[in-house]
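Below you'll find the structures, each written out as structure tokens.
Look for chain A in each of the two complexes below; its partner is chain B in the first and chain C in the second.
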Partner chain A sequence: MVQMEIREKACRGCKFCIDVCPTDALAFDEATQKAVVKTVEDCIGCLSCAYLCPSGAISHSGHHVVKNFYRNLYFSQRMEKFL
Partner chain B sequence: MEDIHEIRKRRRTLQETMNFMAALSAGIEPILGRGANSMTMSAGRNLGRKFSENAAKTDDLLTAINEVRRVLEENHCLWGFEPFQPSGQQDMITTNENGETQLLLVFKDCMIRQSLFRFGHPQQGSLCNMMYGFFAGALENIMGKKTRLDIKHAGENACLKVLTVTA
Partner chain C sequence: MSGEKIRLNTEWLCDCGGCHVALVDLHEKILNVLDSVTIQHCPVLTDIKDYPEADIGILTGSIRTEHDRHAAGEMRKKCKTIIAFGTCAVYGGLHGAGLAHSREEIVDRVYRHNPTTRTDTVPDSEVTELAKLVTPVDEVIDVDLYLPGCPPHAHFIFESLATLIEQRAPRVTQDTVCARCNRQMVKSEVNAIKKSLDGVPDDNICFLSQGYICLGSVTLDRCLAPCPNHGVACTGCAGPTMQILTEPNRDIRTEVSDRMSRLTAIDGETIKTHMERTAKTQYAYAMATKMIGNKPTFLIKKWIADVEAGAHG
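Moving on, here comes the complex of A and B:
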């Protein structure tokens, strides 16, 4: 089960997270002018809100972790000059 | 049990191939424009048709989706997906204004996304369209109907797509 937390002090009320969420799991609290978690069960764990938040106020737990691709360090070092 | 070194070797080969595919798709897009999407969609559809040649036929969308999953697993494709029902939605399968059946799918572990991120290629490009083609081809065999797989949201850790079955 995905858990989501928005640190109230860090939230600037920019609404970026609300706009990016594809499942409307977040809402805007007019009284506090901050984002709040509306329906956490709708969170698919895409983490777009956390990546987009300018103040890094959003954190997730219990979400799936995508298996990272194997990184061949030798190959990556060789590729660096092309990137 | 298969030798661990052999598994790692095969995984590395797959991943480097996928990275190459991502670079290739990112490279053809500026040259071919929208044609790149048609090309990869067609390739995916052919693959979907080929893989699902012997798949069980059904009219039920959820059973068909499970059959696609089985087909992918049988062919060692690491494309985990699951149907998604938002809390405010009555049923998992809905009907749009055109009378078409729709189902939301969440793609969590996607080797295309990982390949794209490896070198910073954008999402929702021609390689993602290959997945649409795969579903269209496989469901054409399984359900005998035309389908679309539209990307609703391409996220960093998961993607939300809408599967539409034409009436």
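Moving on, here comes the complex of A and C:
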């Protein structure tokens, strides 16, 4: 079961995630001017919202992880060492 | 740890010295650090010229002279853990933008035909010769840990040092500067890119919404976002986000233009072209590293040639 979390403090209210979501799983809270998860069961774990979010405020868990072999290897070898 | 203190060496290479000042920014917390750390070689504090054996070695700055190369090598031999500290050490930093010019051009501009001072003497004693290129530390020696930031905020320095001393996993995040910024991103009808000195930006609305180029969304937060929260657009000093570094075809200009074109009425291609024409500014902090330089999308030489062709044509 896919879980999705939006860190409210980091959300800048740009609505990118709502625009990009293919299954309309997110909504905008007009009162707080922040994005909220509307129907998490609709989430297909495509991670489009997490990718586009300028703050990196959206995180998913329990989704099917697809291995991406097309990576910047020079950086990826060092990624674990970043503080 | 046992009762023995952890031995710390620090050394500066080609940099401004700000990273060493950032260590002092720990304020009272530096007393907590000193409880468990002995500072040995540290150019701003101690008069130790050689490199004693140490547990942690902090290297700030990039490699640009023979002294830098020698010092980095000596530090690697004597320190168990080397931290590339600050954007210069990790990515080549601001002077990494010197990559866009030849060594002769730089020496001529600074020492022979400087527009703001009168000098015609190129320094040739006391200092070692300028190397041909700026090199990040990890291309010369093995680096164990990277802490970008220009300089890294004391919050992250303390967290990293405490992590090493207590031997636990660090709690630093992969957030972008936007995550700490208090501005609201709103969709707007702005249809032209503004320069940083055009008009006065609104304090509560995102710079991108107002037509100013801001690199907050593509920059790792190692600063707690002081610039955008005080009216200055982010210049990307802590280097690119993990997202940009891992994806070969995503880049500073593609990601900013994508987000800005969604917020404003400006066409994405227009923003991308603008950022290519100002590439020396947009990529200033990170262009010297292979993490960015090897990207198929990074064509700095072509962009500079295009601008120069436009200027002369």
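Going forward, the second predicted complex is superposed on the first by the 66 of 83 C-alpha atoms of A that agree within 3 Å, B and C clash if a C-alpha of one lies under 4 Å from a C-alpha of the other, contacts with A are read in each partner's own complex, and residues count from 1 in each chain.
Please note the rule applied: contacts are C-beta pairs under 8 Å (C-beta built on N, C-alpha and C of every residue); 3 or more make two chains touch, one makes a residue touch a chain.
Keep in mind the model is a prediction, meaning the values are calculated, not measured.
*Asks:* So, does A:Thr39 touch the first partner chain B, the second partner chain C, both, or neither?
*Replies:* Touch status of A:Thr39: first partner only.
*Asks:* Between chain B and chain C, whom does A:Tyr51 touch in the aligned arrangement: first, second, both, or neither?
*Replies:* In the superposition, A:Tyr51 contacts both chain B and chain C.
*Asks:* Between chain B (first) and chain C (second), which, if any, makes contact with A:Thr23: first, second, both or neither?
*Replies:* A:Thr23 contacts chain B only, not chain C.
*Asks:* Kindly classify A:Val66 by the partners it touches after superposition: chain B alone (first), chain C alone (second), both, or neither?
*Replies:* A:Val66 contacts chain B only, not chain C.
*Asks:* Would you mind listing the overlap between the chain B footprint and the chain C footprint on chain A?
*Replies:* In chain A, positions 51, 70, 72, 83 sit in both the chain B and chain C interfaces.
*Asks:* For the complex, which residues does chain A have touching chain B?
*Replies:* 20, 22-24, 39, 41-42, 44-48, 51, 63-70, 72, 83
*Asks:* Across the complex, what residues on chain A touch chain C?
*Replies:* Residue positions touching the partner: 7, 9-10, 12-16, 19, 33, 51-52, 54-57, 70-72, 74-76, 78-79, 81-83.
*Asks:* Inside the complex, what are the residues of chain B that reach chain A?
*Replies:* Touching chain A: residues 8, 11-12, 15, 18-19, 84, 86-88, 106, 108-110, 113-115, 118-119, 152-153, 155-160 of chain B.
*Asks:* What residues of chain C sit close enough to touch chain A in their complex?
*Replies:* Per the stated touch rule, the residues are 83, 138, 143-148, 156, 159-160, 163, 170, 172, 174-176, 178-181, 183-187, 206, 216-217, 241-243, 245-248, 258-259, 262-263, 290-291, 294-295.
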